[in-house]
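Structures follow.
What follows is a pair of complexes built around subunit A, which joins subunit B in one and subunit C in the other.
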Partner chain A sequence: MNIFERLSQLDRRIIFLLVAIAVIVPMIVPLNLPVDITKPVKNVYDKIESLPEGSVVLVSTDYDPGSEAELYPATEAFIEHCFRRNLKIYMMGLWPAGSELGNIALNKIAKYYNKKYGEDFINVGYRPGGAVMLLSLGRNFSDVIKVDYQGIPVDSLPLGRRVKSARDLSMVMTFSAGDPGIIHWIIYFHARYGVPVCGATTAIMAPQQYPYLSSGQLVGLLGGLKGAAEYETLVERRGRGLRGMDSQSIVHLLLVGFIGLGNVILLYQRRKK
Partner chain B sequence: MMNTIGIWIGALLTLAIYSFLYKDNPFYKLAENIFVGVSAGYWAVVLWFDYAWPNLFEPLFKKGQWFNIFPIFIGILMFAPLIPRISWMVRIPLTFTMGVAMAVSITQIVQGDIFPQLQATFLPLTGVSFFDAFSNLLIICGVIFTLIYFYFSKEHKGVLGISARIGIWFMMVSFGASFGYTIMARVSLFIGRIYFLLHNWLGVI
Partner chain C sequence: MKVILPLAIVFICGFYMLITFFIPAKFAQDSSQLLQLWYQGVAAFFVFIGIFNLIKINVDRIQRRLKDWEYSIILLSFLGVMLVAGFVGGRDSRVFLYLFENFQVPLGATMFSLLAFFVASASFRAFRAKTPEATLLLIAAVIVMLGRIPIGYLIWDKFPDLIEWIMRIPNTAAKRGILFGIDLGLLSMALRVLLGIERSYMGGGVEK
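So, the complex of A and B:
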């Protein structure tokens, strides 16, 4: 039995083990591989830089723990950028667990920048209803949102009183893992009320958003963990996105190697037949 | 203390799930069943406290909005197929749901999706840089050839066949990009779990 025949019968658990090693080793011994900035990510950064201080950004955390690994690092980096620029954050979530995850990031970064709840940021929690809710929300926030996630009336909070309709928002940033999510913000909110929409999506969803980038319906996009790593580079913050990129790159190289090897073995077997 | 217990439970369940990669075992089955049970319980609580209670029952019982009886009645009809004699009544809530969904979606999808996307394919080929002109040409050709592939009223032969074949190539490139992103997503999730184990649980990074 030659090397090709042995490889063709390789136990797949060895491949799992190699992938695990390729993820673990670069995390313990960082390689600090460079991360190039792509235009969709730069567009999100530039949009935030272009907003005047005190502008209100609606952040919608439309994901759950299943996508936390991809979207939470981007959430932290984006919130940090907003607070550095003294922007106000109005947070909500179209997914039940999303607003809880967003709240962790919001409180962590707000504490660091001494931001005050109710004045600089607010979290109105999970808002069910998808498309119908978004259409009502843009017209009149008080039709949909009466209390925040703690049950405090939003009218008793300065930021809650300030945001009456979509006109009071400078942009929407959605961290989206599916439905309802980024598509709803584009089709129902941006199309009806004209508020610029940026997004961070799971990598699986990212290719579907490129037509919206190309049409200008979406200003910018952070695609998966790579998008988070790019944003962390732009805001000069070494978070989980950048820490994961070394592993991501090494695993991709390994997989390209496996695909190449698999094809060589296939060609050998065909020639032998 | 509670945080530490949570991290330990998370770490052990993560290892139990990944143990399936070696072979099926009772630890994997235990973690799988816990996941299914917790998910079902979680969604039951969300559906009651975020949907049913604040929108239906609270207005009915606390604010006296008696007309909420009608949506409750229509909702109950969803269970009509359980009684064969009145199973046809399920059509009432289904028709209602479909009607509302269509009414909300149609205008917005035309206004917010179809028209802007159609508009985005009217791209200039002159008066822009060579690279932009080439990119625009690719988008225009991609849209036209892919649409031709989905034209089934004439047999795909001759010019139509060649055009449809080019449409397939465009779609294959698109599928390849999607597949690449899918791999990246799966690896990212694995990285997230490993980060949790090494950072939150073991504290080695």
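So, the complex of A and C:
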């Protein structure tokens, strides 16, 4: 049995082991690879930079722990950028666990920047109802949101009183892993009320958003962990996005190697026949 | 009556919502807002139905000692613990946050991470250039994979530009075509439901 025949019967556990090594080693020995900045990510950054101080940004965490590795680093980097620019954050979530993850990031960064709950930021938690809820929310926030995630009436909070409808928002930023998510914000907040919408999605969802990017319905996009790493580079923050890119780089190279090897074996098998 | 009543509700509510979407008058907007709020009230109950269903299925698995019934005990135990921690201590309590951050988040992330291992195995065994179409897909995939990592940029600094072009032009063209197809399909399906032609949502999967 020659080397190609042996490789064609390679035990998948060896492949699993190589992937594990490719993920773990760069975490222990960081490569600190430079990250290039793409236009969709720069657009999100520029949009935040262009907003006047005190503008209200609605942040929606529409994901769950399954997508946490890709979207949480982007959530932290984005919140940090908003607070640095003295923007107000109105947070909510279309997914139950997403609002918890968003809350963790929001409280962590707010504490660092001495931001005050109710004045500088607010979290109204998970809101069920998906597209239909967004349709009513855009028209009148108080019809849908009476209390925040702790049960405090939103009308008793300065930021809660300020946001009455979609027209009081300067932009929407959604961290989206599926349905309901980014598409609903585009349809119900941008198309209907003209609110600029930016998004962060998992890498697998990013190609689906390009029609909206090219039409201008989506201002900017952070695609997957790479998008988070690019945003961290722009806001000069070394978080999990940049640290994870080393592992992702090696794993992608490994996958390209596997694809190449698989096709070399295919060529060999064809010639043998 | 069992058939006519649901069909009439769907027809009236559906067309009313459709028409009021395009009428900015206060009465039209207020009444459609009211219907939307009713929907949200119903949607909130879906969570309870989900929890009830989860409990029912897993209790049944334990009682009948079906395959892997032990996992159902773990699931129900943690469901109970999370519910008690959330209701008693609140969502900002240390116990609830500890359980969420140290159990739910890592477990969810682990499930999703397993994909990387299966994709690696599949890339070796299944991603083969057997036809011209498969070869084209393979070349595009390799370019995108290399262009989406910093090493790709170091190999050739035009890789990111090339994948942006792939995303903006061929990908967008294909996605737009697919989206138009889906949307036309959705539109026709919505009309079929509103007009009572498509009735499988009423149960039984019978279509007349």
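Couple of notes before you dig in:
Rule of thumb we're sticking to: the second predicted complex is superposed on the first by the 273 of 273 C-alpha atoms of A that agree within 3 Å, B and C clash if a C-alpha of one lies under 4 Å from a C-alpha of the other, contacts with A are read in each partner's own complex, and residues count from 1 in each chain.
Here is the rule we go by: a contact is a pair of C-beta atoms (placed from the backbone, for glycine too) under 8 Å apart; a residue touches a chain by one contact, two chains touch by 3 or more.
What you see is a predicted model, and the numbers here were worked out from it, not measured in a lab.
With subunit A as the common reference, the superposed partners subunit B and subunit C clash. When the two structures are aligned on the shared chain, A:I186 is found in touch with subunit B, with no touch to subunit C.
Judged by the touch definition given at the top, the superposed model places A:K226 against both subunit B and subunit C. When the two complexes are overlaid on their common chain A, residue A:R243 makes contact with subunit B while staying clear of subunit C.
Of the two partners subunit B and subunit C, it is C that touches the larger number of subunit A residues. Looking at the shared chain after the overlay, A:P207 reaches both subunit B and subunit C.
By the document's definition of touching, of the two partners only subunit C reaches A:N140; subunit B does not. Applying the stated contact rule after C-alpha superposition, one finds that A:V132 touches each of subunit B and subunit C. In the superposition on chain A, A:Y113 makes contact with neither subunit B nor subunit C.
Shared-chain residue A:Q217: touches subunit B; no touch with subunit C.
When the two structures are aligned on the shared chain, A:Q150 is found in touch with subunit C, with no touch to subunit B. Taking the listed stretches 22-30, 40-48, 58-66 or 148-156 of subunit C in turn, the superposition on chain A shows a clash with subunit B for 40-48 alone.
Shared interface residues of subunit A, touching subunit B in one complex and subunit C in the other, are 16, 19-20, 23, 66-69, 96, 128, 132, 135, 203, 206-208, 211, 214, 224, 226, 248, 251-252, 255. By the touch criterion given at the top, residues 10, 12, 15-16, 18-20, 23, 33-36, 38-39, 64-69, 96-97, 100-101, 103-104, 125, 128-130, 132-133, 135-136, 139-140, 143-144, 149-150, 203, 206-208, 210-211, 213-214, 224, 226, 245, 248-256, 258-259, 261-263, 266 of subunit A touch subunit C in their complex.
Residues 13, 16, 19-20, 23-24, 27-28, 66-70, 96, 126, 128, 131-132, 135, 186-188, 190-192, 202-204, 206-208, 211, 214-217, 223-226, 240, 243-244, 247-248, 251-252, 255 of subunit A are the ones touching subunit B in the complex. Residues 29, 33, 36-37, 39-40, 43-44, 46-47, 90-92, 97, 100-101, 104-109, 111-113, 116-117, 119-121, 123-130, 138, 141-142, 145-146, 148-154, 157, 160, 164, 167-168, 171-172, 175-176, 179 of subunit C touch subunit A in their complex.
Touching subunit A in their complex are the following residues of subunit B: 21-22, 42, 46, 50-51, 104-105, 108-109, 111-113, 116-117, 119-120, 139, 174, 177-178, 181-185, 187-195, 198, 204-205.
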